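The two complexes that follow have chain A in common; it is paired with chain B in the first and with chain C in the second.
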Partner chain A sequence: MNVNQPSERQKMTFWEKLYLPEIARGLGITFKMLIGPKMTIQYPEEKYHPGGYYRGRPVLVLDEDGERCVACGLCSRVCPPLAIEVRAGETDREKERYPVKFEINMLRCIFCGLCEEVCPEEAIVMSKDLEMVFENRESAILGKEKLLVPVAQLQDRLEYLRMHQYYEPPARAQDA
Partner chain B sequence: MELLVDFLIGFLKALIVLFLVILPGASGAVYFERRIAAWIQMRIGPNRVGPYGLLQPIADVIKLIFKEDIIPAAADKRFHFLAPLISITITVAVFAVIPFGHYVVINGEPVYLGVAPNVHVGILYVLAMTSMGVYGLTLAGWASNNKYSLLGGLRSSAQMISYELAMGLSIVALLMVTGTPNLMEIVEQQTGWRWNVLYQPLGFLIFLVASFAETNRTPFDLPEAEPELVGGYHTEYTGMKFGMFFLAEYGNVIAASAMMTTLFFGGWQVPFLPELLGLQEGSVALALLQVASFTIKVAIFVFFFIWVRWTVPRFRYDQLMRLGWKVLFPLSLANVLITGLVMLIN
Partner chain C sequence: MPTIYIDGKPIEAREGQSILEAALEHGIEIPHFCWHPAMSAPANCRICLVKVGMPRRKPDGSFETDENGNPVIQYMPKLQPSCRYPVSEGLHVLFQVPEVIESQHAVMEFLLINHPLDCPICDEAGECKLQEYAYFYSRGKSRFVEEKNHKPKHVIWGPNVIFDAERCISCSRCIRYADEILHDPVIDFVNRGDHVTIELFPGTQFDNPYSMNVIELCPVGALTSRDFRFKARVWEMSFTPSVCPGCARGCNMYVGVLHNQILRLQPRTNMYVNQYWMCDAGRLTQYPFVNENRIDKPLVCTENGTLTEVSWEEALDTFWNKLQSVDAKEIGIVVSGMLTNEDAFALRRFIREHIPAATVMLMTVEDPEFEDDFLRVRDRRPNTRGVQTILGDVLASLSVEEFRAKVESKQLKLVWVIGEDLEQVWGEEGRKIADGADTLIVAASNASPTTQVADLVLSLATYAEMEGTFTNIDGRVQHFIPALTTAERPYRWGMKVSRWDKMGAWNDRWSHGPRRHCRPLWQMLAATASIAGHSWNYRKAADVFADLAQTVEGFARMTYALLDERHGIPLGKVDEPEPPVFHYDSHRLKPESEEYRYVQVYDKAEQWW
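Then we have the complex of A and B:
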């Protein structure tokens, strides 16, 4: 049989060649695993609660004084699968622009997080929401009413982004 | 008339063994295989069907029955059909001579607990049957007309020949100690902790390793080595035909465990003298105790089979052959020689 001869380094000692002691050692290790703690999460009963690192469903941040989005359209422009549609509108307030329409097609979204990365206002972030079930195609296109999430629920992700992003975060009223 | 009664009793015993021992035993082994595999891999395992997932094997069987039965166009249909039947028949046949307990006195007549436990050539019968089991696998590989199946079947027969020798020789040494091939008598000799494993430790070790090879279990499961042979001999089997191979594999594991218990670990002997509890030989209570003792010992061995499967990786083919012919065979010969010398000196 054409089998490679083991090199000097691979040669086993007599003790190892006996097989049985090493097998017994292996059995010991597997027995430790057998009675040890388990990793499985029993999904419907137990939920997975990821940390700020998780890129779940993209959402719009809702501050106390209203939405952050200024409808610049960068997210829509950068989105690789063209899942985001933004239409801008104007108001008389200090922050003039706001999105009249903001839709994310969840059938297209690939959870790359580019929208979040490109957003100059920190207005669109990836949430922890991982349960996305839709009964039809229409309901998979999320409008503003489903996308806006209070900022308090997104603190983990916002903190994570501040620790890991490459640019200065925009100055905010609550930071000052 | 007496012949008819004997036949009926034997038939009844066979039915009881089939439906109360082999089928629940095999499905239980499948369940524990999956559960223990999961635990060793830090998972939880099947726990959704019934309490603790105990009904999982039943769900599996129902699934297998309702699956489409596919016979490859190029296969030899007769042998393709016959192979799983041979496999399962031989597995079931081994259980005929295994003593599950001593005897119960019914109407003044001792009824032995086992289908035919007093067969004089018990061990030879078991050896013959286990080596016949390979016909099912080889035939399956041949009839499937698939190169992977054929390779699996051939490996199975080569492996069987290599390990049957060592297994047989380890039993030869055991027979020299016991002096009888009758399984019931072998168990009777092992009362009060005089287990054969204490007299034949090397023989037991050889028998243990050889039974792993005989039952095609990891680390010697080369006939169905998934990474290289797709599914080995049962690649082309679906539905309940595949299920029969599956059942036969676990039946073989239980049979091998039962043989090890019977030959080396005192069989149905309870680990203390029954007189302490005031139980009489032949009473139902003692018989139940003996069956329980036997079951626990077998269950420990079945657990060991499963435990080893999820610990030791598969051997390469040449390593398997080298272990069989260059290590186990000479060792078993030496074991026979040493046993003979010790008996001669005493």
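Then we have the complex of A and C:
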């Protein structure tokens, strides 16, 4: 059973029992931070602008010639909490398929980024959007009109992804 | 019965079999693309190569042995295609050896050189033999860095089939199918080497009543269905074994379901009925009526002449009152061959117990043009034979005109139509019957002209929403299970489930799907009987079937489990099992949809329901 066992108390020395020196030391740190450089920002007056590493709301990439997504459904399959629903349709474009319907339920999404990782078309990426307010459950289900974001706004993330493509299929025994 | 040894394991093969066939029958999966049990073996894909040898003989004819006394096997210097190599006594086959594995890797690498690898946009992904074998029998890497060959990707072969030349691996299954099975050879290879592709002969079309079977036959996604194209990915669907209600042949099939809607029907192997095939008409026409134009709830005609939805209790009360308001002699019942054996049996019991004097007529739907010498038969109803067998002497032999005359002369005041549209089948006569009846009760699954003029409409479940059995034209009783949930039975116990069905919550938009308040006939009748004060004690279809098996002779000792095990049983043949036949399934990677175990869960659930 996962219950914390009470650990044996350590014997304290005389100085530790006094507490006062430790309190003074703690306050010392507090005052040092008070005059030192600030790590926090005055959100929401001041906005937070994370770098390409940030995993915010997943969005679909909109290229100049239309959406990249081919509605393969892999993101929907990999998504651990089943947040994504994709329905495919046929187009005349070279890639034949496009998503007729693409919905992400932001109440389900856990921002794991697996959809981005699995996408064969680099069509779904994690944006920097971190402000998500919904008034009801229905409005938390984002359709294509809310998901499509022009590729120009996503350059940071796409670059970051390209630089961090670690994955190399493991060599099998017989290749060696 | 020659004995062969695969990797040292002795196997009893049959005379004239190939090594591959013998191995498959004994559960050893040798990879194969081009071989199919129904067709000739051209041995052109080369993935099935194995090492073959015979015990070496001394000049005097005795076997040579090594120092341990084991026979010395002399293997052929080159690998042999196991799909073409006939078995012979004492044949030794090596399958799990480096040489064979090496050759499988090489074949896969060659096949993938020009394969576009567009799995994300390919409908076959998830049930593709090439994907499967790329996992099991390839290196997982390609050394080919040059530009791949480009070929046309959207060639329309006929009304139902689209061909993607890039994905084709030239196994020739489709060509042999058209030639050897359909005797309609309109396609063939053209060009050579890596430029090889398949073309239609000039001025022809791949237009055949059985053309869509090539879609499942094709080991890759080169042939896709124009009807199903891109509707869903296979891993999102559940595939429930069922029986086609399109005609009295009763082809076995899978019902592909997503979000409680049927998206496609595909053949399921049953060597006693349809082998590996199914007709295009069956797969294209036998699911839209389940999805569309349904009667969602029982309807009652109010004073001002409009049909209003009512609850089942109210509808069945009305039904029972209407039946009692006339003399039993004045009741005319029109029965469809669409009913299951269970429905027919419940109807027989209901008529015998409550309205024994009623006139019952079986409505048959025959279409001589539908008939051919392969699978399709002229009787367009799946269970005419079963309904005839079960209702037996309850059925009156009347012609449509006689029935119409009786209705018009008011000998029959109440007409109860079960499972058919009078007008669609009987035309003008049917309309006269519908108009002439004082009271018209219709049990139907779909809205039709007949339901519009009815006084009471009972919403009937379709074959996809109920469990039951059909008796096909040869008298074979075949069991099927529900593929869809209904509003009355929202749980999927005993059914196949997809990932969505299993994990979805009530507030996910997709998990709802359309659900109807429909019931199979036996359930309605059991409930009506209890209104009339009889308890039939039928809780599920199996209870009705058990009663049926005890009462009607041909069904004696049949159970659902036995029917499943023997791929259906002919009437009265429970005690003479047919010799077992190997049921080959080409694409085994089809997501084996999960199933909630029936017996325990279902029974428990019913108790607290």
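Keep this in mind: the second predicted complex is superposed on the first by the 131 of 176 C-alpha atoms of A that agree within 3 Å, B and C clash if a C-alpha of one lies under 4 Å from a C-alpha of the other, contacts with A are read in each partner's own complex, and residues count from 1 in each chain.
Here is the rule we use: a residue touches a chain if its C-beta (ideal position, glycine included) is under 8 Å from a C-beta of that chain, and two chains touch if they have at least 3 such contacts.
Quick caveat: nothing in here was measured; it's all calculated off a predicted structure.
Once the two complexes are laid over each other on the shared chain, residue contacts for A:Arg55 go to neither chain B nor chain C. Contacts of A:Ile23 after superposition: chain B is touched, whereas chain C is not reached.
After overlaying the two complexes on the shared chain, residue contacts for A:Met33 are found with chain B alone; chain C is out of touch.
Counting the residues of chain A touched by each of chain B and chain C gives the higher count for C. In the superposed pair of complexes, A:Leu82 makes contact with chain C only, with no contact to chain B.
Touch criterion met: A:Leu74 reaches chain C, while chain B stays clear of it. Chain A has no residue lying at the interface with chain B in one structure and with chain C in the other. Residues of chain A that touch chain C in their complex: 70-74, 76-77, 82, 85, 87-90, 95-97, 103, 105, 120-121, 137, 141, 169, 172, 174-175. Contact residues of chain B toward chain A in the complex are 36, 39-44, 205, 307-308, 310-312, 316, 318. The touching residues of chain A, when paired with chain B in their complex, are 1, 3, 20, 23, 26-27, 29-31, 33-40, 42.
Remark: chain C residues 101, 105, 119-121, 125, 139-141, 153-154, 229-233, 235-236, 499-500, 503-504, 507-510 touch chain A in the complex.
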